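Pasting a structure below so you can have a look.
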Amino acid sequence: MRGVSHTTAPAPAVTLSASPRDADTGRLLISCDDRPGIVAAVAAFLRERGANIAQSDQYSTDPEGGRFFLRMVFHMGGLAEALPRMEGEFSAEVAEPFDMRFQLRDASVPKRVAILVSRYDHCLLDLLWRWRRRELHLDVGLVISNHPDLRDEVTGFGVPYEHVPVTRDTKAEAEAAELELLRGRFDLVVLARYMQVLSAGFLEQVGAPVINIHHSFLPAFAGAGPYERARERGVKLIGATAHYVTEDLDAGPIIEQDVIRVSHRDNAAELTRLGADIERTVLERAVRWHCEDRVLVNANTTVVF
Amino acid sequence: MRGVSHTTAPAPAVTLSASPRDADTGRLLISCDDRPGIVAAVAAFLRERGANIAQSDQYSTDPEGGRFFLRMVFHMGGLAEALPRMEGEFSAEVAEPFDMRFQLRDASVPKRVAILVSRYDHCLLDLLWRWRRRELHLDVGLVISNHPDLRDEVTGFGVPYEHVPVTRDTKAEAEAAELELLRGRFDLVVLARYMQVLSAGFLEQVGAPVINIHHSFLPAFAGAGPYERARERGVKLIGATAHYVTEDLDAGPIIEQDVIRVSHRDNAAELTRLGADIERTVLERAVRWHCEDRVLVNANTTVVF
Amino acid sequence: MRGVSHTTAPAPAVTLSASPRDADTGRLLISCDDRPGIVAAVAAFLRERGANIAQSDQYSTDPEGGRFFLRMVFHMGGLAEALPRMEGEFSAEVAEPFDMRFQLRDASVPKRVAILVSRYDHCLLDLLWRWRRRELHLDVGLVISNHPDLRDEVTGFGVPYEHVPVTRDTKAEAEAAELELLRGRFDLVVLARYMQVLSAGFLEQVGAPVINIHHSFLPAFAGAGPYERARERGVKLIGATAHYVTEDLDAGPIIEQDVIRVSHRDNAAELTRLGADIERTVLERAVRWHCEDRVLVNANTTVVF
Amino acid sequence: MRGVSHTTAPAPAVTLSASPRDADTGRLLISCDDRPGIVAAVAAFLRERGANIAQSDQYSTDPEGGRFFLRMVFHMGGLAEALPRMEGEFSAEVAEPFDMRFQLRDASVPKRVAILVSRYDHCLLDLLWRWRRRELHLDVGLVISNHPDLRDEVTGFGVPYEHVPVTRDTKAEAEAAELELLRGRFDLVVLARYMQVLSAGFLEQVGAPVINIHHSFLPAFAGAGPYERARERGVKLIGATAHYVTEDLDAGPIIEQDVIRVSHRDNAAELTRLGADIERTVLERAVRWHCEDRVLVNANTTVVF
């Protein structure tokens, strides 16, 4: 537990993309009340520092009195060294005048990620495997499970595995142990089919956003047993939903959803099998987008650039 | 109202399929408790009459003590004349011994269809176009609307248009007038975005199944304003659901569903536009499948062959 | 022919979107060699004129020595009056220093569109109907066909219909007659299942981009009879492709594609029916995107913002 | 090589489906010229032996003079013992009179599968995971690769790994070594991104069907470098195709295809990443369907029940 180190993935047999990973690439995220001149001010700030804007996405909930969201990706030599000073300057010159919230990120620094899992392995393995083959630019530092089953799989990827059992009576202690493992060490916690509800206190203290995969097309079939209930209702598509976890069960901001066609022939076991493929795909996209700083929260919804 | 005639569609410029429409083709639908020998008995019955089974689909909810569903399509010379006698013989020789419910249909006889609509035209026009193009093998005999707006469109297809206004106070009278127009004349009633809730009494007396298109992916967003609520919840896909109408609003057996991807950029008006395309597609499939005798009801779900 | 007027669509029963159409909204399209400072220069230019950037999309084929594409949507009071002067100023202050190609458009001015069609009505009707219900912001001023069949349908939408027969021997004259009808009067020509190949000379002289819908997933099944060939090859999906027309048959820049699942049961007539739904959907998207100035051509491909 | 044993997958942490695997379940596959009485004869044969038909699918290329295909799944106590005698009886009583080709299978007996792979791991791992999770009812007995890279991965699943290097000069010897490993031991050979073309002689001698995954939507981009060529052509969807391997490269009967949406932003590396997800999904379905005896070859196409 003490020795949690943020390992890098072992070299894969074939790396899909050989490009040097996002060196000298910055990402700027902004939200503020919409008004004329924001883009000009931001672009001028970057221009003065020799940065080349490589990508830019913006969205306004309403051009009159709405909320404005911006994501810019830019290339700039010597970014890593310049970043701390840039943050201060941006704050003073741009963010304060426009009353902005902003984040300035070095894209070459991977997010530190912890994964919580129970006994289903499909979401976990898909994330670990994509990370190993360098499809996902992040750093998996820890897997926590309330079951011991997946230890060998996980350690085979070079990732520490902590077994923290949870029973009705020991839930508070278990969460405390998990917090001890997580707090201050991670930028993102992923629930990859973790079958325990996290308390409000845990969410407050964990100090990082938490992404969950729910095995239904929310808001349909929130709560337990979604595949059984989908079968009973006779739906013709089943789905999965990745969302940020909030105090309200299965009601947090949705990041991504997808569905697959089913028929009367598919019993609950078949739905579970078919749904598993959608779950891992949807969770992978949500984690990727979060780690690429593409997801901005707008009240109880998301803006995904 | 008096002169309701079951018109055939005017000849289209180009008919997509030129085959002689299902002459000498029969369809047999069966449901009964599952047990060995059903298929053999049915196949022998058809064999003895020189029929060639062209298609066969079956489903059992459980091989042990489940419910069995069968749909067979067969070719047989002189079917139309033979059908009445065959029905009696099938009843005595096969259906009674197996305690079956069955239907024996001449595929060349189109279902007589009435459409109810309010002011949105997209589902209605799509059905009428497909019918005129001979894509849909049915016979649209009447359109009823609680608004006068679409009269010219509908009569341009050679279909009578009855305007039956509905207000809170006149709902009972309006339903009575609609029943007068519908009862005994139609095999299917389609609600093509008809924005009035039909009473239990109406459904009992109309004497034909009623298919509705709901503009959400049920069971999510049942009831009013589904696109607005989808927008508020921040879902990443919106959908539509075609279902048989029962007393419980938006809770009847689902025939077909589909979805389309949306994003934070799509406001409620955009969702309405994108959803309209899914609505007309889903309704068209449900109507087609119903008219091809592909849909069997199993409690509150459907078997679609 | 003389009297071709650019009619506006008759008022629909229900308009999906009631917003005042893009008043005071401008669109700026740019392509140039990529280098730092482009966005800052453009944003400053708009800022100085009080414009609020509502949407911005950019793409670079390569941050080092690549080609840069930009589309900005902005709000600015009095745009229509200011536009001619702005064009000159933008040219001098921004476009020339960066060696840009650019277009500055008033979004409230609909594109003038002519449609060429043969005998299949599905693509044509879908476009006319979407235009009438104000889903498509354009102005259909003329339909030309080499067959007389669809005249009543088209004139029912208030659009002139010109029948220009084409035979092997009269092709040159027919194209001349079509050019007479089209040249200088339209911003876009749409081939909505027009079954004649247009000559290079025609394309040169028509003076507007031409969008075609091809009934296959290009580059598979280019040329004649794609559904028959798809059937023979036993593919499990069929598709449609909307592309700008160039001299090379079915080889121009692709704007949009989509597919639908088929099976061994679907004969060529069924493929034609199923494919028709994809054709109209894909063509509608391509026309919409073109008319919203979202499509930029990059060699033989497109950038779609 | 000597010690090739057909291992069963190690027990997974969670098995998705807990049903006893297809005990006493038979599958009957038939093809013959279409004529009346086939279904009746087959059903009577099964009825006389107390079998309950659980599923039945049939297809005729043409009711008049076409080719007929049938797949029946049935339950019958004591199937395993009865099967050899049933085969003889079916041959004499049903197959010969109707000039049928047929197969009678015990569904509880898994197909013995060998996988050939080069260096990309995504298709291979997905098959192995699904097999370990008991999603796929088959028996992976051997992996052969022309590279040593994936040995540890594969042996971790309890499967033997044979490295058979291939160079231009040693191709004949390499194929001979592979045939030595495969011949007579397997029911199916899967090319899970095996980057060598197999000779006609190899295909003749291997004694089992061979399924390949090609990384394009065939017939588009057959041959080498499909993602690069897709990028150059500017397609808006990319796909993958699973097909039986024949002498003609990428031209064998297609079992399954699927696609994913891409855009101008996706370079060849991105297409490779996105396509990999489709490749593994499409290959998994083709292998599943083949192992469930759902795929019948009809000239150069397939019937998939």
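By written order: A, B, C and D. Residues from 1 in each chain.
Operating definition for what follows: a contact is a pair of C-beta atoms (placed from the backbone, for glycine too) under 8 Å apart; a residue touches a chain by one contact, two chains touch by 3 or more.
From a predicted model like this one, the values you see are computed outputs, not experimental measurements.
S.K.: With chain centres set to the mean of the C-alpha atoms, which chain is at the far end from chain B?
M.R.: Max centre-to-centre separation from chain B belongs to A.
S.K.: Which chain pair is joined by more contacting C-beta pairs, B-C or C-D?
M.R.: Counting C-beta pairs in contact, C-D comes out ahead.
S.K.: Roughly how far is chain B from chain C, going centre to centre by Cα mean, in whole Å?
M.R.: Chain centres of chain B and chain C, defined by C-alpha means, are spaced 36 Å apart.
S.K.: Chain C to chain D: how many Å between their CA centres?
M.R.: Computed value for the inter-centroid distance: 43 Å.
S.K.: Where in chain A do residues touch two or more other chains at once?
M.R.: Residues 59 of chain A each touch two or more of the other chains.
S.K.: If every chain is a node and each touching pair gets an edge, what shape is that graph: line, ring, star, complete or other?
M.R.: complete
S.K.: Mind listing the chain C positions that touch chain B in their complex?
M.R.: 12-14, 16-19, 119-122, 125, 129, 133, 135, 147, 149-150, 156, 269-270, 272-273, 276-277, 281
S.K.: Mind pulling up the chain B residues that touch chain D in the complex?
M.R.: Per the stated touch rule, the residues are 34-40, 42-44, 46-47, 50-60, 63, 75.
S.K.: If we count contacts the way the header does, which residues on chain D are in touch with chain C in the complex?
M.R.: Residues in contact with chain C: 59, 217-221, 232-237, 239, 253-259, 263-265, 298, 300-304.
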